[in-house]
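I'd like to ask some things about the structure below.
In order of appearance the chains are A, B, C, D and E, and numbering begins at 1 in each one.
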Amino acid sequence: MSPAILVLLALGLGLAGWIAARSRAYALSAKEGKRLHSLPSYHAWYVGLWAFVPAVIVALIWSAVSPQLVLAAMLSDPAAASLPAFGMTRNSILGEALGVASGSMQAVFDQRAAALVEPARAAMTKYTIIGVVLTLVVGFIGGAWSFLKLRPDFTARTRVERMVMALLLIASLVAIFTTFGILASLIFETARFFGMINPIDFLFGTHWSPDPMRDPAFANGEDYGALPLFWGTIYIGAIIAMLVAIPLGMGSAIYLTQYASPTLRKWMKPILEILAGVPTVVYGYFAALTVAPFIRDVAQGIGISSASSESALAAGLVMGVMIIPFVSSMADDSIAAVPAAMRDGSLAMGATQSETIRRVLVPAALPGIVAGVMLAVSRAIGETMIVVMAAGASANLSANPLESMTTVTYQIVAMLTGEGSFDHPATLSAFALGMVLFAVTLALNFIALRVVKRYREAYE
Amino acid sequence: MSQAADLAFEEQRRIRGERANARIAKRYAAERRFKLLAMLSVVVSAGVLVVLLIAMTSSGLAGFTRSEIDVTIDFPEMGLSIDPAALEGENAENALRTAGLPDILQFAATQQYGPEIAAEVGGSASRDLAKKIVSDPDMLGETVTVSLPVSEDLAAAARGEGPEELRAVADRLQAEGQLGRKIDWGFLARADATDPQEVGIWGALKGSLLTMAVTLVLAFPIGVLAAVYLEEYAPKNKWTDIIEVSINNLAAVPSIIFGLLGLAVFLWIFPNLRSAPIIGGMTLALMTMPVIVISGRNAIKSVPPSIRDGALAIGASPVQVVFHHVLPLALPGILTGTIIGMARALGETAPLLMIGMRAFVASPPDGFTSPSSVLPVQIFLWSDEIDRGFVERTSAAIIVLLLFLLVMNGLAIYLRNKFERRW
Amino acid sequence: ACGSPQTAGRDQIKAVGSSTVYPFAKAAAEEFSRTYPSYGSPIIESTGTGGGFKLFCGGVGVQYPDIANASRRIKPGELETCNANGVTEVVELQVGKDGIAIAESKEGQNFQLTPKQVYEALAAEPYGKPQTAKNWSDIDPSFPNEPILVYGPPPTSGTRDALAELILTAGCESDPATAAIKDEDKDRFEQICTEVRSDGAYVEQGENDNLIVQKLATNPKAIGVFGYSFLEENSDKLRGLSLGGFEPTYENIASGDYPGARPLYIYIKKQHLDAVPGLKEYISTWVENWGKDGLFTSKGMIASTPEVAARNADVASNMTVLTAADLQTSEPES
Amino acid sequence: MEPNTAEAETAGDAPSPKISARDVSVYYGEKKAIDNVSIDVFTRYVTAFIGPSGCGKSTFLRTLNRMNDTISSARVDGEILLDGEDIYRSKMDVVQLRARVGMVFQKPNPFPKSIYENIAYGPRIHGISSTKSELDGIVEQSLQRAGLWNEVKDRLNDSGTALSGGQQQRLCIARAIAVDPEVILMDEPCSALDPIATARIEELIDELRGRYAIVIVTHSMQQAARVSQRTAFFHMGNLVEYGKTSDIFTNPREERTKDYITGRYG
Amino acid sequence: MEPNTAEAETAGDAPSPKISARDVSVYYGEKKAIDNVSIDVFTRYVTAFIGPSGCGKSTFLRTLNRMNDTISSARVDGEILLDGEDIYRSKMDVVQLRARVGMVFQKPNPFPKSIYENIAYGPRIHGISSTKSELDGIVEQSLQRAGLWNEVKDRLNDSGTALSGGQQQRLCIARAIAVDPEVILMDEPCSALDPIATARIEELIDELRGRYAIVIVTHSMQQAARVSQRTAFFHMGNLVEYGKTSDIFTNPREERTKDYITGRYG
């Protein structure tokens, strides 16, 4: 409640400063009869920001500090003496009292809170008033100080623009913070995991059956061999899915860029893009309910009785379909980036269109296409829901696509949603798996972007 | 040039021409094959989409209906004693319950159908009835026939599943027109429940909307501002490179990793906001931001430099150039990218599983901090339910989600086509 | 976890734990929020029993759940963890029973199994010797000559615990030589008796029991292990396999004849009782509905015997705290 | 064609130069694109820069209003004085400099806004007009000076990009005029236009030079001969020759100039 | 420079034209880019198309081997006869037509393959050679005719794009020659080259015309004068004047030709 009020107050101050400075600037230009260095609106923004930003900072700080002060005031009230010592119950009672005092709750559940409502209300009023006054004073000082600087030759524009630049810079730093956040959230837990399990066992072991119920002290590197997961991930995401996505994606891209009429292209391209827009949970459902049973029936129909209804094939096929638009749009871009002169050169030699495509356009676009495929692979191996719903949980080192297989992402979900406690190697393995996934996708992506860039430059 | 050389040249040309002629039919056949293959891949790709949509729609449409049974209640006869004033307040439904509405309903149903079938007029039926009464209190003075949901068992029997006896009963009731599938508008208004007859999508949808709101509010401004900075102002140095590389990489990081980030960082800072849309929104915002930055940069890049030159040359400052000229022109492109990024976030499941948005929440969330689920996670949860009534409900929820996504994607495509221009 | 000091309490109950209890907990939550609309509706997360105890025993405070749902009894070690983290007052309620059902498709091979045979088919090292059985006929010549394929729960799940404890260990102990190891080397004994083979004959199914049901329905050669309620729900497609001569029926499980029956519990953090509004009422919702005609039986739970129910109702009203001694001495009768 | 003022100069009464470049060198990274060029540009003259492609004409032109600031690799040595003040001194306000030294580009680049807004933009950001009617006046006056008023006065709200190429280029000139510049730089302003539009712009340049110093880069010697009074011939970054246009074309002092003019290269 | 054959023609013994365009008009959608042009092109002559930018030279050139088929909006009226056969008749095989009428583009466009593969590409797709050694022979012969053999014979496996601009253009010419065309069309083949490379290509064109009919589009009148025996002057889609190069440049019949040649526009 009160933070909103204080922020609104700061906004009001800013607006007042804005208006005052603007009219001041107009008055200045009228009086001096010459052009101001900066437009009146820049003067307005300058003062407005100087009034608003300090005020809002104070307001936010106060909003963080004042609840503690209110709490202290409540605890010093005699009625608080009877509060239970146990922290959580006490906090809950205090919270109820505060809730009623601020009006967000109708009545207390716990009668012990009733006596505290009045002291809470009094303290809140007091500290709200102090907060309002503080905000007003700071905002006013900021506004007045900047207001006094207004002159016809005052470089308000330059200064406001400097503030804008600072804002832009901060926005772009968020990406770095995020990257750090990801690294931080993975590294510590991964390090703890490797403190319990030998990385060699983890990376090269062939047996995966962590048991979160076992005493962590007995956790055994033999049960943490992640190779079957890596294999499942690669088999589903990089092999089966790509066997679907590359031919279909390339074929679509070639047809739509080289053969289709502009109208057909205009309609088909977005339709194919929808394939990438369908949520993965829907694909997962589709894979588990429609594709997987179909595959199993077909497999049993041709006499493969061991066909599992959760199969790498089902997950991979559906994932491949999901990836088609990635491949096709990268192929599309890469083929389009081949200069028209190449195509003309080939056609002018008397090549047919397919000869031109196969022998000139595709080879020339190959680096871009390869990069696109790498991006698609990185997308596929990071895909979660399809494998969670359709690939199964068994860590199988097998080349039989009809068998159930598990992937890195599946195990991350399984380990973290089955648990939640951060001290067992089984749970921590999720972070180590995440780290591997992160590293691999980053490497793929990095190389792919390099390739694309280098090869784009080659034609420019 | 000698005559002989000329003759030799002509001869050579003739021979080669003949060889070429001999091959021409084969080459054209190869051309046709190739074209056919390419066309086939388009057809197959689009075909899979069509199959998927048909599969979902055909099994999902039934999810918008449910089995209801007609029960005739003679209220004056029953003598439900309730203060009309109690029918006004928030607690009206509860008041009706305490006043004995469930018993009255059971009694009426038993009278009409016998005790076995009356037992299948589920607990939810009395709540539905209470709702109907609250919206139309005059009912209490009349004899009315109301259509009320039956238990999942009877509903399953009506679908032809479950024990034989019940199926026979259901068939009889259906033949007599007393049991039937009715459009269940409540599906769009209720939240999660344990009984597939009782579930609704609104709780999860509201959770999704709240989550998306947080995502948009965070990712859009940050993304656009970062895009402007990188494309227009960033000096070429190591820092800029680092920023660029991290943005490009973030766009490729698997979504589940963002879930790990949310779990390890956001839930560590705000442990009591587990399952809350604000945490979900923050997590998805980090995921969406790079998409917006990249599409924003492309949109900004496609604004021709001549426009910038023109503005600079009459004395516009770099900031004015961007905010007066570049951004307005790039806006459609930025919006397209934003919509696509938001659509992706809306369909995202895995990262939200990591931060507890998979809990059972029986009432729609009140705000950004109250626990909730989201549409795709709800689909995931329902797909796990044992009651087979959930199968069609799941597909129905998928239809709702797909509709949202199709609309968003359509909007993005429309924007792109409308504003696509070549300078 | 860190964070700023929490002044506000929580206005929603949080329960975590068993996926077997999850549907009943959801039903209880639903009923609770209808009866007491002024409280927020409880948040139930299905994390598996073990995972649930880990979260539950993390400590006291808003960020920790108030209730752990469990498909087995809390282990002394877990209770110790709880105590060590300050969760000193845990109340145990047995809310009902569930059978672990072993079942197959109606078109299946119709086995008559004993716990011993199940153990021999599923153990990683039956009686400490390498697993050699590939086909059912390797276990018992009267069984069909078909490969062993069992879908079952993963190690995170309580169903798996119950399988290990109630069926596998029982089967394992029937061999005197193995039973003898118990006293010599408890660790080795546990390994021999509970470790499940991982050569593909036993397929782990995640927490999603529903998928097993579907898989069995379409693969008559396979059998599956899951909670009884799932079997009941799908009785038109699946047939329960008798174990030691008893079919998995409501009556057999209620009476305790079927060896796979297990009690279901909820564990309440008493320290939260005053702090979380509605927690008391939520517990009474459980108590009111766990009878034979209550809400839960319609969802597939098997009601406890009236005596057990009465005793637990008592515990609920007095909020009697569970002690380590209770766990050792009085196994509550099934 | 040679105006009176120009005659005056040759008669010895030299006016002070509007822009005076002293030993200017321009680098793109390591590469030197302009080598030690000194040149004076006068008001009421049209000064043409000619030379083969890549010789640095555009580069030098853009140093005159610091448009090369936008190219991060570009660096300028030497000094360029506008009315005696060095425009490369650190306190120079580039924004105001560019208002004083306007520029017209090779390809007409109107903003994708209405014709009115195209012209009004400059006065707005510089705060030149305080009232709407004053702004209307500026727009009309600028369009009139650019010879476009009659063609567009009834459709000021149409988009500037909807005009023909020649009209767009005149719009850009009007836009430059609207902020009252002292110098107008034009980089091959007619090379994207058809002959008729070109003729129209050349006429306009001739009218405008009464008020402004005009510098025009052109690849067409014919055009230089037609519109300019002074011609500077650049070759490979060097200013080879600078003088009266008539002298350059009829009587070049340098061999390279002569070769170029007689079509030996280019 | 005028070859004997050409003299022969003027002496009355007119050979039959290799290509003969009759009333050709070309449209891009609604827009007419070529208006009713009739022209004859002969073997052993270099025919130059000149005219201001946008007059339709390239458009017309591309009608001669149906390269404009690749532009969906382009439409051709009238007939174009190659050895008396209309190339726009429906049964015409475009693939074979283009093998007979080769083309060299403004910017050298070697395929991003080895030099050898660049040349071998045409013979391969057409199946002209049956053995590897025959193919080697074709490659060597073509490179020799294009005057590139000595420069590249030791690095046939290097990428074609690694050559200098002038070499690339000769590679493109060699590539065109490799399929034994009867006509070679060149669209401003030197405009991306430096003067030395240009001179080299001009020499080559002069050597080649002994065996082929060559049509060259150029924006440089000097070049047209240097390399061609026949010149066609286009203006705004019309063929204004066509005749002996020497006549066109020294004694144009049309006023527009004269204006253009003397630099009144362009």
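Here, contacts are C-beta pairs under 8 Å (C-beta built on N, C-alpha and C of every residue); 3 or more make two chains touch, one makes a residue touch a chain.
These numbers come from a predicted model, not from an experiment.
Undergrad: Give the chains in contact with both chain C and chain E, ordered by label.
TA: Output, common partners of chain C and chain E: A, B.
Undergrad: Grab the C-alpha centre of each chain and report whichever is closest to the global C-alpha centre.
TA: So the chain sitting closest to the middle is A.
Undergrad: With contacts counted as defined, which of the two, A-D or A-E, has more C-beta pairs across the interface?
TA: A-E
Undergrad: Hey, which chain ends up farthest from chain A, C-alpha centres compared?
TA: Farthest chain from chain A, going by C-alpha centroids: E.
Undergrad: Find the geometric centre of each of chain A and chain B from their Cα atoms only, then give the gap between the two centres in Å, rounded to an integer.
TA: 18
Undergrad: I'd like to verify one number: the distance from the centre of chain B to the centre of chain C, where each centre is the average of its C-alpha atoms, in whole angstrom.
TA: Here the centre of chain C sits 34 Å away from the centre of chain B.
Undergrad: For chain C and chain D, what's the span in angstrom between their mean Cα positions?
TA: Distance between chain centres: 86 Å.
Undergrad: Multi-chain contacts in chain C: which residues touch at least two other chains?
TA: Residues 6, 10, 62, 207, 211.
Undergrad: Could you say which residues in chain B touch two or more other chains, in rising order?
TA: Each of 27, 317, 358 in chain B touches at least two other chains.
Undergrad: For chain E, jot down the residues that touch at least 2 other chains.
TA: In chain E, the residues touching two or more other chains are 95-96, 99, 125-126, 179.
Undergrad: Spell out the part of chain B that touches chain C in their complex, as residue ranges.
TA: Interface residues on the chain B side: 90-91, 94, 123, 127, 151, 161-163, 193-194, 267-272, 274-275, 356, 358-363, 370-371, 384-388.
Undergrad: Where on chain E is chain A touching in the complex?
TA: Touching chain A from chain E are residues 65, 67, 70, 72, 95-99, 102-103, 105, 107, 109-113, 121-122, 125-126, 172, 175-176, 179.
Undergrad: Looking at the complex, which residues from chain B come into contact with chain D?
TA: Interface residues on chain B, with respect to chain D: 235-236, 304, 306-317, 320, 324-325, 329.
Undergrad: For the complex, which residues does chain C have touching chain A?
TA: 5-10, 16, 47-48, 50-51, 54-55, 58, 60-62, 77, 147, 154-157, 161, 187, 198, 200, 203-207, 211, 214-215, 218-219, 221, 271-272, 274-278
Undergrad: In the complex of these two chains, what residues of chain A are touching chain D?
TA: Going by the criterion above, the answer is residues 29, 35-36, 38-40, 157.
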